[in-house]
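Both of the next two complexes hold chain A, though its partner changes from chain B to chain C.
Moving on, here comes the complex of A and B:
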């Protein structure tokens, strides 16, 4: 089966800084992949490149064989680290908005998840706490039937109970053809759900391996390995 | 997808402007009644003064809010955190610009019409309306004499100039905001400087162009008929070029230089 994401010599430079340096990476379909690295290592830059919010300085990046553009936006569901929903909208209006712009959006599923987390669809976004806003965003993003989910720090701001529910949601809501790319530094919390990990450090790819391989070959948890690789 | 963007954009603007139009309408009615009553003597004279003051404030509010919303919707919705949503929708970046532009133009025109209608509502009576009609028809006949029957052409050109001028001004603000957004920090100052910069460059170009046209057609420029015959068409053409330029420059920045924080 073809790769969902393919990076060839992908490089992104800002004025004075190389955010990503010559990344060669291929991600298969049907995996849950942790994109791990310390702050400022280039995780968000990679995710922004996947979503067409940045343009590579050199090299290419393809999603299901296409360069980032309207076609790839149809198959990529993106959760940024920002609260990006207009704060004047009601939760129900954000659902209508997603329904209008994403053909793969499943309204019924979104309302079910809201109900499970006891979120009132009639509330306005601005009245919600930061953690609750993040829950709403994650619900919207996971209610799409996408091929690639890019979740940038999806569990940073929510309480541990909601964290478990959200991780469960992620695992149970993606189909076998879809890949979930989760960027985080809260490794211990998500370690159990990951199939693969990608380590990046100062813009360079350090490691791309399956979690089982790491456990059997190195005899270590991902959290331990991460602490070793990124030791300060 | 453009129609969906347009629909949501109209809605996002309406939540500010429709209530304001309603306030303007109510204050117009109140003032009409109060002016008609003419019974406020002595201390009561404060009532008509206050009501006319509130009315003027509401007119200013409609104009100022329309202007601020045009800027805020572009900046906040596309270039602040909401940009993460808008630029990952399954739409092209030029559709985002067009939807914003169309919506802004429509609301500006409706705000002008709303103010105009409210002035009629407050001050017009059968006498003044027939007087206005009379003056308009008189003016038209005089124009017809001056322009030797080319008045229709003149008005078509003026209408096009007005529409293009409006679009040109909105796009110039959009481009200035997009350029300001390229700076890391001081984005507002950057937008302002960009706006002043674009204005100065364009005014220089237009002055030079006007001087060239004036010297080539020295004879005919002094003829009033040159307005509909070639000065307005040249103006329309120039504005059209600027519109295209601003539009593509803004779209280029969105496609290649997006700098969301």
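Moving on, here comes the complex of A and C:
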């Protein structure tokens, strides 16, 4: 099966800073992949490039064979690190908003998830705590039937119980055509659900391997390996 | 089932061990139908691909079989389960013996000690 994401010599520079340096990366469909690296290593830059919010300085990036654009936005569901939902909207209105935007949005699924997390659809966004806002945003993003989910720090702000529910949501939404790319620092919390990990360091790709291979070869967890590789 | 996974060994290996333990302990009975891959994965909070890999491996060894139309089942072959139980007991004893040897006990001492402790607890 063809790759869902293909990067060839992908480079992104901000003035004098090279955020991503000559990345060659190919991600298969049907995987849950951790995008891991220390602060400022280029994780968010990569995710923004995938979503067409940034354009490469050189090299190419293709999603299901297409350059980022209208066609790819239909198949990529993106959770940014910051929420962009208007404060004055009710939760139910954000659902309508997503329904208008995306053909693949499943309203029923969104309401089911709200219900499971005991979130009231009639509340306004501005009355919600930071973690609750993040949950709403994640529900919206996961209620799409996309081919590639890009989750930038999806579990950072939520409590451990909700974290488990969110991981379960990711697992149970899994289908063999879709890939989930998760950027996070909370490696220990998610490593049991990952198929593969991608390590980036100072804009360069350091490692792309399967979690089980790493554990077999190194005899240690991804969390431990990360701490060793990126020791300060 | 209660799943306990540590993070320094491959997940699928641990899943295999835990399902085997479930069969030995009788949590899964001979001929029982297993939940779907997706449900098992959600229960253990692991990736469905990984659960699939573990189940395929168990299938290869014959402990689990697939009925093409109705899902996966635990083997009804009680001899095989008994064998697995025997193997598991042996593994536990070997591990115990290794630890006792590290503590400096020889075989006779270990046996004497086991007898003494078992007599005292009865």
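FYI, the second predicted complex is superposed on the first by the 232 of 232 C-alpha atoms of A that agree within 3 Å, B and C clash if a C-alpha of one lies under 4 Å from a C-alpha of the other, contacts with A are read in each partner's own complex, and residues count from 1 in each chain.
We adopt the following convention: a contact is a pair of C-beta atoms (placed from the backbone, for glycine too) under 8 Å apart; a residue touches a chain by one contact, two chains touch by 3 or more.
Remember, predicted model here, so these are calculated numbers, not experimental data.
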> Superposed on chain A, are chain B and chain C clashing or fitting side by side?
Replying inline: fit
> What is the contact status of A:102 with respect to chain B (first) and chain C (second): first, second, both, or neither?
Replying inline: first
> Once the shared chain is lined up, is A:70 touching chain B (first), chain C (second), both, or neither of them?
Replying inline: first
>> Under the stated touch criterion, which partner chain does A:192 make contact with: chain B (first), chain C (second), both, or neither?
In response: second
> Looking at the overlay, what does A:222 touch: chain B (first), chain C (second), both, or neither?
Replying inline: second
> What angle, in steps of 10 degrees, lies at chain A between chain B and chain C when each chain is taken as its C-alpha centre?
Replying inline: 160
>> Under the stated touch criterion, which partner chain does A:52 make contact with: chain B (first), chain C (second), both, or neither?
In response: first
>> Applying the document's definition of touch, where does A:86 land relative to chain B and chain C: first, second, both, or neither?
In response: first
>> Once both structures are overlaid on their shared chain, how near does any Cα of chain B get to a Cα of chain C? Whole angstrom is fine.
In response: 28
> Touching chain A in the complex: which residues of chain B?
Replying inline: 1, 4, 7-8, 12, 15, 77, 81-85, 87-92, 255-258, 260
> What does chain C use to touch chain A in their complex?
Replying inline: 5-13, 38, 41-42, 45-50, 53
>> Please output the residues of chain A touching chain B within their complex, sorted ascending.
In response: 48, 51-55, 70, 73-74, 76, 78, 80, 82-86, 88, 97, 100-103
> Hey, which residues of chain A end up touching chain C in the complex?
Replying inline: 30-32, 164, 167-168, 171-172, 174, 188, 191-195, 211-212, 215-216, 219-224
